[in-house]
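Scrolling down, you'll hit the structures one after another.
After this come two complexes, each holding chain A, first together with chain B and then together with chain C.
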Partner chain A sequence: MFSGFDFDVIARSAPYLFKEGMTFTLTLTAMAMTGGIFFGTLLAMMRLSSFKWLNVPAAAYVNLMRSVPLVLVIFWFYFLVPYIGAWIIGAKEPVRVGAFMSSVITFMMFEAAYYAEIMRAGIQSVPRGQVWAGYALGLNYWQTMAQIVLPQAFRNMLPVLLTQTIILFQDTSLVYVLSITDFLGAAAKIAQRDGRLIEMYLFVAVVYFIISFSLSYGVKHLQQRIAIIR
Partner chain B sequence: MPMIEFKNVSKWYANFQVLTNCTTRVEKGEVIVVCGPSGSGKSTLIKCVNGLEPFQQGEIFVNSQSVGAKETDLNRLRSMIGMVFQSFELFPHMKVADNVNLGQVKVLGRSVEEAMAKSMSLLKRVGLEAHAHKFPGQLSGGQQQRVAIARALAMDPIAMLFDEPTSALDPEMINEVLDVMVELAHEGMTMMVVTHEMGFARKVANRVIFMDRGEIVEDAKKEDFFGKPRSERAVQFLSKILHH
Partner chain C sequence: MNYNWNWGIFWQPAPDGSGVYFGWLVSGIEWTLLTALLAWVIALALGAAIGTLRTTPAKWVVRLGDAYVEIFRNVPLLVQMFLWYFVLPELLPKGLGDAMKQMTPPWASFWPAVLCLGFYTSARVAEQVRAGIQALPRGQRMAGTALGLTQPQAYRYVLLPQAFRIILPPLTSEFMNIIKNSSVALTIGLVELTARARAMQEFTFQVFEAFTAATIIYILVTLIVVFAMRWVEKKVAVPGLISAGGAPMAGH
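On to the complex of A and B.
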């Protein structure tokens, strides 16, 4: 059945695929995860705030991001970020951002909405008495959050946070719409050049599957370990 | 000058009134036991003392500082009042010693070495120095509550609040916690204790406050409270918890 296939194209292009493509994909995933969890945690804290001027905008932002297709957001940010950047620093010309920075910012801000919902559940999973105990010692809001609530929230939510990161890892392939050479983009270029679409797309699928599946397996393992500690 | 003074404190949850015109005082070195049926507002009353629960009317003074006043530095005030909770509320992700260190380092600005020395001497005092490097989840309830007391004492508080400190404990562990509290009382610590342990009240309380439906119904010397309670509700309550 595979007689007409040329699997050699994979071996030939592998160094390029991994060195150029996969490096980009992993860097983008790591940066978007870090930034996404950071801003997501801030958004979650805002949403849980009793101040309307904090929780209403946070809720609006999270709901907006979660209701719009990611591809659209990628486009928007790509075209809008240069203008927003110019507006922030007061420049007349749109700021040159570059496809990489643009996609990092996009994924950070988009994933922040999803991480925010996870962290909100995590923060709410910490009993109220823990917060009281922190305040009773004289800790202020930020100290209580940093020392008591967030460490427990992260621990409780770690499996879900990692699962979301696996989804993020797959979603980064959507940057192909900006003609960026991520792992999928690199494979697509080779596929077009050599006319080996099926081989390349099969290979890409297998690689994504192996990475995502083994990460999921790791998360499951971790979940069991956490369950024993608690 | 009283250490803690309540002046006509009232509190509502939406339209439901949980505290009604509560007025009382705790002098320096006094031990006050607060009792009453569940839902009578006793836990709420002592949580008002360090501002964990806000109240809408009246005033509470701690060391002549008004708890509800805007200009009061509530975090600083709280750091001077120790509090022990019904469900211990140790921080489960920190070792026992770090639980006791946390406030000393983050709030009082002590060095880690200084805090550790203080923590170890307090843990020794409650008989738990051997458990300093364990996590709270590895200790029994009674041990956890003793750590919680050490954690509160580490801040060198001017008064201690206890919110049903033995209610979540198995019967055989109640005494190890009460013993620590009795010792504290004998040392002259100002204490406000919500509890149903009438033996503790008989032993160390100066006064007993009886609450029902958000009101302070009785506020009497312990001899008077146990000897001749004036209100019908207190008589009923006492008969329920003393004879079974």
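On to the complex of A and C.
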């Protein structure tokens, strides 16, 4: 079964795969995570707001993103971002957005919807009395959120947030549909150039498995360490 | 900005002579649903079996089940799709591999997509089934055994009927995931809804109309599934057995 296997192609292309591909994948994951958690937290706060004009749009956005496949969202943003950019800066023509910026924005906005649901559960896991105590001390909404509620919400939800990030790391491989050279894209290019599909795709699977598995193992341990005993 | 909206595009004839562009989208959602439903059958059957095995007292069976789940959970779906489509036919015995490669167009990408989605989702279903069984009080299993039921009978008549009721909500979202994830199959050439919308955009340049239509269709499917599952939940509900809201879960 492995008789015709050419392990050399992996050794030859490894520098390219990791330097070009994995760097892109990790940068995209890190930026999408940061932006996604930031906007996700804002969305969660909007969704829990008692103002209709805040919670209705937030809920609509989250539900819309969660009912559409990521591949379609990637296509949407790829074509939409140039128009939004033009609208923001008031340009006549759609602005040129690089493939990298486009995918960062896509994943940020898409993941924000998923992070928002996690953060909403996190905020709701903080007892109401904490908020009242904050107000009783004379803190306003933003101070209560920033100094009392959100730190506890983050701590409660940290394992879930990290698990979602591992999923995000795997999902960034879908930028393949835009022919971007992420880790999988780089491997696919080599695979097609050298006619070594089996070796390259198996290698990619193994690398993704090792990274995701060790990360989720780490998350499991973290969960046991930081769990608050109530 | 200068984008020319043309909502009439859906009723213009498609270049392949099969009718209008709207027909393309309809055929797209048909393939999406067919792929998702068949894959769901695999996912549910395998997932229920493996999830159950992971709660049995036999240690090595549990280990094996855990390994299965970890493998399918920690490799991106797109990579798995490539493995099923490009790699599997090469690793199989020559006759079988050639037969896979020589299937006629829609089926050559359809069957790998179904198998890929089925196995991928089965790991996630297995995780839910295990969690559902473990959420039951220990006394349930003991009571079953005390009544003289064998281990398989205890699962069949006591544990699984309750566990499945508990995990209906997460199973609903897994079912929605399988519908959404079927769009990944466009990378191996399955012409499902997203692929149809993309093809329509390439032929007509009416990007936003095509994607809006696809988005609306996905939302409609989601709504139908949600309402249908709510009805099922009510139908099978056992008075007194309240299914918990469940902890927040990461996922797509």
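One rule holds for everything that comes next: the second predicted complex is superposed on the first by the 227 of 230 C-alpha atoms of A that agree within 3 Å, B and C clash if a C-alpha of one lies under 4 Å from a C-alpha of the other, contacts with A are read in each partner's own complex, and residues count from 1 in each chain.
Please note the rule applied: contacts are C-beta pairs under 8 Å (C-beta built on N, C-alpha and C of every residue); 3 or more make two chains touch, one makes a residue touch a chain.
Because the structure is predicted, anything quoted here is derived from the model rather than measured.
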| item | value |
| --- | --- |
| First, second, both or neither for A:Gln147, with chain B first and chain C second | first |
| Partner chain(s) touched by A:Arg155 [first = chain B, second = chain C, both, neither] | first |
| Touching partner for A:Leu64 - first (chain B), second (chain C), both, neither | second |
| Chain B versus chain C as contact partner of A:Tyr83, first or second or both or neither | second |
| In the superposition, chain B vs chain C on chain A residues touched | C |
| Touched partner set for A:Tyr16, first chain B, second chain C, both or neither | neither |
| Touching partner for A:Val177 - first (chain B), second (chain C), both, neither | second |
| Touched partner set for A:Phe100, first chain B, second chain C, both or neither | neither |
| Touching partner for A:Trp132 - first (chain B), second (chain C), both, neither | first |
| Doubly contacted residues of chain A, that is, touched by chain B and again by chain C | none |
| Sites on chain C touched by chain A in the complex | 1-3, 70-71, 73-80, 82-83, 86-87, 90-91, 176, 180-184, 186-187, 194, 197-198, 201, 207-208, 211, 214-215, 218-219, 222, 247-252 |
| Parts of chain A lying in touch with chain B, wherever the complex brings them together | 127, 129-130, 132-140, 143, 147-148, 151-152, 155, 230 |
| Chain A partner contacts - residues on chain B that touch it in the complex | 47, 50, 52, 75-83, 85, 87, 89-93, 102-103, 106-107, 137, 151-152, 155 |
| Residues of chain A touching chain C in the complex | 1, 64, 67-72, 75-76, 79-80, 83, 86-87, 92-94, 114, 117-118, 121-122, 157, 160-161, 163-164, 166-167, 170-171, 173-174, 176-177, 184, 188, 197-198, 201-202, 204-205, 208-209, 212-213, 216 |
